[in-house]
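Handing you this structure, nothing more for now.
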Amino acid sequence: MDLTFSDSEAAFRDELRAWFEINDPGTMPTGDDAAYAWRRDWQRRLAEGGWAGVHWPREYGGRNATMTESAIFFEELGRARAPLPANVLGLLLAGPTIMTYGTDEQKERYLSPILTADEIWCQGFSEPDAGSDLAALKTKAVKDGDDWVITGQKVWTSGAQYSKWCMLVARTDLDVPKHKGLTYFLMDMEQEGVQIRPLVQITGEPEFNELFIEGARVPDENVLGGVGNGWRVALTTLMNERSGLAFFLQVRLRQLLDELIEEAAERGLLDDPVVADRIGYLHMKAEILRLTAYRGLTTIEKYGTPGPEGSLTKWMWSETNQELAQFAADLLGADALTTGNRWAYELLRSRGNTIEGGTTEILKNIVAERVLGLPRLKGAAA
Amino acid sequence: MNFDFTEDQQEIKKTARDLLSSRSSLAKVREAAEGKAYDPALWSELVELGWPGIAIAEEHGGQGLGAVELAILSEELGYALAASPFLATVTAAEAIGIAGTPEQQAQWLPLLASGEATGTIGSAGGLVPDADAAAVIVLIGEDGVARVLARAEAEVTPVDSIDPTRRAARVYAPPTHGEALGGDSAAAIDRATVVVAAELVGVAQRALEMTLAYVKDRRQFDTPVGAYQAVSHKCAQMLKDTEGARSATYFAAWAADAEPDRLPEAASLAKAAASDGGRDVTASAIQAHGGIGFTWEADVHWLYKRAQVDAALLGGSGTHRARLARLLAARLQPAAA
Amino acid sequence: MDLTFSDSEAAFRDELRAWFEINDPGTMPTGDDAAYAWRRDWQRRLAEGGWAGVHWPREYGGRNATMTESAIFFEELGRARAPLPANVLGLLLAGPTIMTYGTDEQKERYLSPILTADEIWCQGFSEPDAGSDLAALKTKAVKDGDDWVITGQKVWTSGAQYSKWCMLVARTDLDVPKHKGLTYFLMDMEQEGVQIRPLVQITGEPEFNELFIEGARVPDENVLGGVGNGWRVALTTLMNERSGLAFFLQVRLRQLLDELIEEAAERGLLDDPVVADRIGYLHMKAEILRLTAYRGLTTIEKYGTPGPEGSLTKWMWSETNQELAQFAADLLGADALTTGNRWAYELLRSRGNTIEGGTTEILKNIVAERVLGLPRLKGAAA
Amino acid sequence: MNFDFTEDQQEIKKTARDLLSSRSSLAKVREAAEGKAYDPALWSELVELGWPGIAIAEEHGGQGLGAVELAILSEELGYALAASPFLATVTAAEAIGIAGTPEQQAQWLPLLASGEATGTIGSAGGLVPDADAAAVIVLIGEDGVARVLARAEAEVTPVDSIDPTRRAARVYAPPTHGEALGGDSAAAIDRATVVVAAELVGVAQRALEMTLAYVKDRRQFDTPVGAYQAVSHKCAQMLKDTEGARSATYFAAWAADAEPDRLPEAASLAKAAASDGGRDVTASAIQAHGGIGFTWEADVHWLYKRAQVDAALLGGSGTHRARLARLLAARLQPAAA
């Protein structure tokens, strides 16, 4: 057990920090489009510095970073108060999935523009009637000559309006059981058949979108991993979903907590034992999250498969983030209930934490069945 | 010992439920919230029904009913999530009605009862609901003493709270402005507090019902999601929180008139229970709705936002728990009380 | 709404208080047998005063008390620090069930000795393999001449060693679905075929027993409610299970909390805001419980059926009682962890609260299905 | 950054698990608890293996290994719920080893390392584990300063704690008795605290495993109860609490030797997490076992009792949360620290 960074990890971190010193991310402009364009530029700068796809193999322009280094990257990104690169879904999900299942032509065609943010990716998995139940999705793909013609609706698609490509899972065979008839497509977003409608969240922001797909065409060569193999390919995408990102979220939580403690200190509230008790509690939870995330990395690096820790960090993070936001509202009163205040935003935004990327209920199912080996109830699923 | 409403009270509840379900549907609430403007027709109608004056003495033009009737209405307005200065106005009337000087009462209560003017009560450091349009503001100082201010005597800065179904403002007034309430500020605040608790109970009830309807209908893995214990037990918890808050709130409303000696404790019980319950139940409602619950399009977020702001009005649950402990300690050492 | 007692309720209470003044319950002796004998005497005194079966109709020696008066009885019993009467299961469960389903002969035979504690009753429902699932019970009754011969095992039978009679549910028909083949028997405990083994709890006390039934005989006339009707009769017993008792428990919780507050005050701990916060919280929960229990009474008295409140009070009580015991341990430290201390006892005993008389999980099922009308999951049951 | 144990550490863990599963089965724990007597053979065996001295410096006759190795053993002894003066002895050794004067170390550490004597550490107001047979008692005063007392210098009153798997006592010593630790009492206590946290992690792990085995097997309504979300999600929570406590505890054990500056915070993190986790997980274990879990006959209650007493040793979670807040506040105002 050695909870300091190894020499090579420390060197990686120092190199990155040095790069951040020179390449100050600056301040993101307001306005969705401006912010997005800025994040795209930011990714280009990262890519130029060789920092965009740190966990990608060198042959694809990455740094071949270990899991820990990848975690360090996101920790440092958070510490530098830099935003996520614009094409985060391409870097974390589409890229690794294409590396795993793509043909040589597909790798050649898609990977490089992901890295440079020249082509942004979005994810078309969720559907209105298949929230937690991927296998129940209804979007259909029908073969027509060399193309597939796709019809259906997707939801919770973030960044769709900026995306060139969509990781789309659709049903290609209606005659086989639910998860068997699925195929994974790389769908061009720039076509008539794809309409995007912003989906406004309770924060008032349109962070996600709905996709209305009506006769969109995808050539056969854009099938990833083979027809009928979509379930397996999609699982690969989902497995990659929050490997490194967990550290970004964890650092962001830590920053929020530190800022709240500072704010409490400025208001002279730290001397209130009830406040102190709660701060001690939240600090404990934040540290447990951080440490458990690192334990999870050790397990993956050593054994190649995630241990129980990996399935717990999303749950820990979302719960703690909600508790933190609620405590901030208690502590700061009217300020934290006024639109424009960051805590007011967190109080709303954090409610999504236990829903997005797998509800806490589904995560508990997964922990119970896959980690603890508990039997599945008839009619229920994870 | 009878917790049931009288027939008259049940009639008030039913009238309110019926009226508000058409006049203040969630579509209308959304309209008001998104348009940042109350529906004046709704307010006129409430005024015509005499609701703002329901608990104001008849001599001041009110209906002379009590805190229980007011709680019933407040609960229903919370259930409807009505966008209206009702809560602000009746809480001001409660405060002035119990603790105002005869002059303060004569000056303000008839105006509030008739709906000619609206009022509000709030803390100097907090969000004050509907202060921008209020003719009279009861402002609670750091010392717990409440002053009565005419609108012109106060600096009112409207702010957008996270709850767009209700207007809010920050209020400041120099110490020389306004006039202290003649009577017991604590009693005035307690009566107003019960009204807020009642609204929270209504909000929680609505969140529970919306959630039940949703989870009975929504299917995942070929099963209504409400059949899963992860969801059904959450709903059971929502019922428990809602009913617990309701028990405490009805008790406080009853005590306000029938046993005012018990009001300090009862009001804090009610507000602590309703603040916690309202927040937890509406948060659970969002969660049980899944992704849909996190969208602006669904209505469940209005309830969460109202509950969050109401929970902070006139003291959050922590403040009231601390007060309950003080009251209990004082009972042990009456001399120190 | 009138939350003062009505004149007749106040008169009932005052009469009872006056009776308690004269009939000081005194102090229960230590030792299980001595305590039980003492509680039996106590019930006889209650019966002589006309207070044993307050909710029983006058024709059976009761007082025809309303639900509220019955609640007052248990509240006052708690307030007088008097124990429950020895035959509490007879008074609350067996008596009312016999009144509902018994023949005239059965009523004549059994009711009076219940009231006077001349014949103690116990309840034989639970079985080792059918904890929350009454319909899964395996104890069998086979007709043999005019008798039924019973074989099986029961568990969680409190007071079995002092009981003359047992409310026993057994399977009389193996060929029909689970809950259809059950019959409700009044079984004489004083026979060879019934062996009692004390079941020691985690407190070290043998509060309950196991019954080993091997060829016990019950004459046909001791079937209650007809052969094959056991499910319905048993539900009547279960419905009566905690009507008035809730108030006894509620008052006991209140007393414990008040004593803890006094203890905290003596130790100068009330000034600690963290302690005060927790005391305010527990006080809130205790009051919510009390008020909700009264609301439940109002609903039953007015509409004849329990409202949602009734199903919540057991849950509220058990949760709060556990929180109280845990808080006491936090507050009092070593004292509350030392055997012999009442809080040490509560810390252990309270764990049973969420299990005995229906686990909290089962209560939530019941609330979800019967109160909220939520669908039942295939394969699950309440 | 590597959270994994070294091969040597894994070997220690495996040895301990294997040995204790036979030498300290739950049947033997029950025997010790019910007979109110430790098995002397078990202690001899632990001594032979050199476990009491695992973290004592070689110059004092120990194995000279570190806090991580000690935490591994403590976790396994907790997992086995071993009835033995191990925890008491090693915590005393940790305290004296880090903060004792050379004389205190020379006097006591060889005895503790060789198992010739046992020791203990505890608070003046609290339960002190195994003090009745301890040759040396490190007693923490109200002021946080720890004194080293020979047994004869202390008044030791054995008491039956709710945990019959471990002997406990109240300890009093007049201010003139004993001698203060030479070094930093806080560091001494922190190192001992990590050992208790590690034991709690083991207890929680055992509770989780026993529960999983039970709920996979036990059927209700024709279904293994572990299939119901009410049970399965509770088990998931137990895992989360256990793993969270483990993360914090391993960090603290590592910091104790590798980065002692971080130990104060790490020890409080570990103890707060392990106290809460240990209590919650073992309480959940009883609940998930249903009626059986509430019987003396089942073994799950031993875990709950151990967790309750351990949670209070060397400060409960509230004490450690308060300390964490102080440490954080001090970081903001280094001058005031």
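Quick notes
Going by the order they are written in, the chains are A, B, C and D; count residues from 1 in each one.
Going forward, contacts are C-beta pairs under 8 Å (C-beta built on N, C-alpha and C of every residue); 3 or more make two chains touch, one makes a residue touch a chain.
Only a predicted model underlies this, so the values are computations on that prediction, with no experimental measurement involved.
Here A-B and B-C are compared, and the pair linked by more C-beta contacts is B-C. Relative to subunit C, the most remote chain by averaged C-alpha coordinates is A.
The distance from the centre of subunit A to the centre of subunit D, each centre being the mean of the chain's C-alpha atoms, comes to 39 Å.
One simple way to say how far apart two chains are is to compare their mean CA positions; for subunit A and subunit C this gives 52 Å.
Of all residues in subunit B, those that touch two or more other chains are 223, 227-231, 233, 318, 322.
Annotation for subunit A: residues touching 2 or more other chains are 273-274, 277, 361, 364-365, 377-380. Remark: subunit A residues 1-6, 9, 68, 261-262, 265, 270, 273, 275-277, 279-281, 283-284, 287-288, 291-292, 294-295, 297-299, 302, 308-309, 312, 315-316, 361, 363-365, 367-369, 371-378, 380 touch subunit D in the complex. Chain contact summary for the complex, subunit D toward subunit A: residues 1-6, 9, 68, 212, 215-216, 223-224, 226-229, 231-233, 235-237, 239-240, 243-248, 250-251, 253-255, 258-259, 268-269, 272-273, 318, 320-326, 328-329, 332-333.
Residues 125-127, 159-163, 168, 170, 219-223, 227-228, 230-231, 279, 283, 286-287, 290-297, 301, 304-305, 308-309, 312, 316, 318, 322 of subunit B touch subunit A in their complex. Subunit A meets subunit C in the complex at residues 272-274, 277, 377-380. By the touch criterion stated above, subunit D contacts subunit B in their complex at residues 228-230, 233.
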